[in-house]
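Following this line, the structures themselves.
In what follows, chain A forms one complex with chain B and a second complex with chain C.
Presenting the complex of A and B:
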């Protein structure tokens, strides 16, 4: 049973890692936790559902629809809600993102609700298991894992190789220096909100066929991603990846060996344990930002 | 080059700059001095567009630049080397320089200018791929200056380039600024160190309580050491 649990833990872990990366991306750049991040994941999943099920599109165009749709949603939310609050106290931003999450949940229920408690999504590839070294593995799990890793590598290349990526990195490290060399910091923030949302949508698209969709799914995902970032060290990209995989595996093992209901509680236990034992997380340092 | 007229800046209900006026002529080094809280950094931040002045005008040549976004100030030709350097610590020295040219699109020119900065600061050449945060304070100051030069400024604002550096490195900084001056760079230098200002500046303005209290040729600063002390609050 152990290899099976590990494979399934790695798969969900990869998706948690993606959601966590988006959370960290926004946090590093703007120092705000986006409490609507889980809802962006949900919207991404449902946009893919709209493409695949309602419009009957193939999977890839549906994925593109979800990514572009949430990217625009992220940018609109920045212009409408977050930028006006750029100099407001942190608590205002917390409330704004929480409020935005309720708004998205409401829109989700309006557009995609009323289809039963959960909406299922057809599998991306043939759902029958294949056997690798005697292990039954769902091809879908491999696809998800590969897509998540590809997404992470693409992001790493973006940060290292492009001026836009470096500008994001620079804004995260020193806003002041970024202003002074002429980086349009507000624009960087805008694209950061958009990119964070788009990454959440990718995770949503791949998660939907594995689990099920519901307009209320977002909070649970935010919680998992939050546990991952706390474990990895808030603000660390690598930490978010490792933390995401770890939370996925812990959860899978807890569900398999302890008790099924324990699965969802394990994220809480991770958060509490890390905060007590190692508050800065595995790879975290105190955020090195100017006052 | 730069003309500041009747500049007034408020933080909330407090007027931190009152009717500040001075000029920085083409190719000269002008020093702005004063004690802590006198308004030196506020003046630079207003020039860089980080603060919006409530009154007065800032002109670069014939163009009003007060109230512009920092990006547009850099595009207009004013670049600040901030106090405390503010390099991007986890990025390499080279990436720090590359981002200094973020407002430019001429790739070949940028590559040439990186080479020019590495010629000006040979110590940085061998450390191009080192994280800037791992450098010594003096080398970080070099990165900050080189990064500012990457934007091809007409006017360089330097906020206490000698701050927190050992006397030997301060001498090096003075040499570097002299070299820039010889190459025709116009510089507004904020300094608390009278020795540094006297060594470099053609003209020095002393700020006190947000107003210009004294203006003197740089060469005469050391003759008025006693007077200066009272203004600098030391």
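Presenting the complex of A and C:
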């Protein structure tokens, strides 16, 4: 039972890590937490669903549709909502992202909600399990794992190797200094919101065939991603990845060994426990920043 | 131009207007909506004290509302207590839990507090559903019908007047508390914790105070809500509830008592109009929050203050100083 739980924990953990990376990306650059990130994930999943099921496209163009669609959505949200609030206090940004999340959820329900409680999406690859060392593994899980790892590596390379990635880190470190050295902070923020949304969409596309889609999935996933980022230390990209996998495995083990319903609640307990006992997270070195 | 719209007269008219609804022959549905609006006024005032005055961004209000409702309901069902004992006991439970969660929350600020409290809210929702031995699970608890036996009023009208009386009493308490030393201390710690402690304001004590009072308002609202509906179900206290409290406070005016009242009345009305369309409720609430944050960060109350005299409040942030 243990290997089986570990495999399923790793798969969901990879998705949590991917969602958490999007959160951290936005936080690293703008120092705001995007409470609408889960809804962007939901919109991404439903866009892919629109491509695959409604329009009958193959999977890859649908994925591209979802990523481009949410990227544009992220940029539009920046221009319409977040840029006007660029000098507003943190509270306004929290409220704005919460309001935006509700707006997206309502629109999602309006567009795609009339299809029953949950909408299922056909699998990307052959759904029958393959056996690796006697373990039944769904090929879908391997795809998710591979996609998540590829995204993480690409982002790490982006942050280390490109000017745009370095600009993003610079704006997070100090907005004022970034202005001084000639970084267009507003533009960096705009692409950050877009990129964060696109990453959420990638996660949404890969999650949709594994679970089911509903306009309400966003918030629960957002909480899992919060748990991952907090466990890893808010603002640490590597921490978010490790945190995501850890939350996935903790959930899976809690559900398997303790009590099935514990699977849902373990993420909340992780958040509360980490914040109370070690607010800087497992890998966070800087003190808990006030926002 | 400023309209002569004295606050006392408006308040008196509002209270009298609410008070004469039942004898004036308003239909039961309308009385129910008015009652619901009054319950949300309590919630919005409690949340506004915590966010708007004390500056603590906590999302636990809906959970404490649920705890108040469940505690009142379960004491009646499981222990056979009459409503008038179960209700204060339920309020006490909600207040106590509010103070207890304040203790770990005292170490957290800003976003960290928001995240911890939202996790707490979801944890409570989970407990309402899964702690079946106590909460009766997802189906909820059906409550016995109330009775105001010696008084010559129907149950609905009785609950309505009880709610109205408590709203008047508790708004008055809140108004006086905010004008006192406590209110000034809360605002000081909102503006700067360092400066507040330099002024010998005991941060721990006043933060716990803010959480406790806010939880008490949520508990009172919860007890009344359980009596009003006659059933307590877990999904009532979900994310939608959390965000609707926020929307009320934000749209009315953060850090304004009157704003909380106006926001609650307005949004309960809007919610009833859109009752059948959940997606439109969400779009409307989300859009209203965004519109307010972007275009009138001080909320609707700012308009009233601009066009009517005599609505200034103690400790209110002035225009343009957000």
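Everything that follows uses one rule, which is that the second predicted complex is superposed on the first by the 286 of 291 C-alpha atoms of A that agree within 3 Å, B and C clash if a C-alpha of one lies under 4 Å from a C-alpha of the other, contacts with A are read in each partner's own complex, and residues count from 1 in each chain.
Everything below uses one rule, namely that a contact is a pair of C-beta atoms (placed from the backbone, for glycine too) under 8 Å apart; a residue touches a chain by one contact, two chains touch by 3 or more.
Here the structure is a predicted model, which means the values were calculated and not measured.
Student: When the two structures are superposed on chain A, do chain B and chain C clash or fit side by side?
Tutor: By the criteria stated at the top, chain C and chain B fit after superposition, with no clash.
Student: In the superposed arrangement, which partner chain does A:163 touch: chain B (first), chain C (second), both, or neither?
Tutor: first
Student: What is the contact status of A:113 with respect to chain B (first) and chain C (second): first, second, both, or neither?
Tutor: A:113 sits against chain C, while chain B stays out of touch.
Student: After superposing on the shared chain, does chain C or chain B touch more chain A residues?
Tutor: C
Student: In the combined three-chain superposition, what is the angle centred on chain A between chain B and chain C, taking C-alpha centres, to the nearest 10 degrees?
Tutor: That angle rounds to 90 degrees.
Student: After the superposition on A, what does A:271 contact: first (chain B), second (chain C), both or neither?
Tutor: The second partner, chain C, only.
Student: What does the superposition give for the shortest Cα distance from chain B to chain C, in Å?
Tutor: So the smallest C-alpha to C-alpha spacing between these two chains is 9 Å.
Student: Same chain A residues contacting chain B and chain C, which ones?
Tutor: 288, 290.
Student: Would you pull the chain C residues touching chain A in the complex into a rising list?
Tutor: Touch list, chain C to chain A: 51, 57, 104, 107-112, 114-116, 118-120, 122-123, 126, 130, 239, 243, 246-247, 250, 254, 278-290, 293-294, 297, 322.
Student: Spell out the residues on chain B that touch chain A in their complex, using ranges where they run on.
Tutor: Residues in contact with chain A: 48-50, 69-71, 73-75, 79-80, 82, 84, 86-91, 95, 98-100, 102-103, 147-148, 150-151.
Student: Over in the complex, which chain A residues touch chain B? Could you list them?
Tutor: Against chain B, the touching part of chain A is residues 163, 166-167, 169-170, 173-174, 176-177, 179-185, 288, 290.
Student: Across the complex, what residues on chain A touch chain C?
Tutor: Residues 33, 81, 84-85, 88-92, 94-96, 98-107, 109-110, 113, 215, 219, 223, 226-227, 230, 234, 261, 264-265, 267-269, 271-272, 275-276, 279, 288, 290-291.
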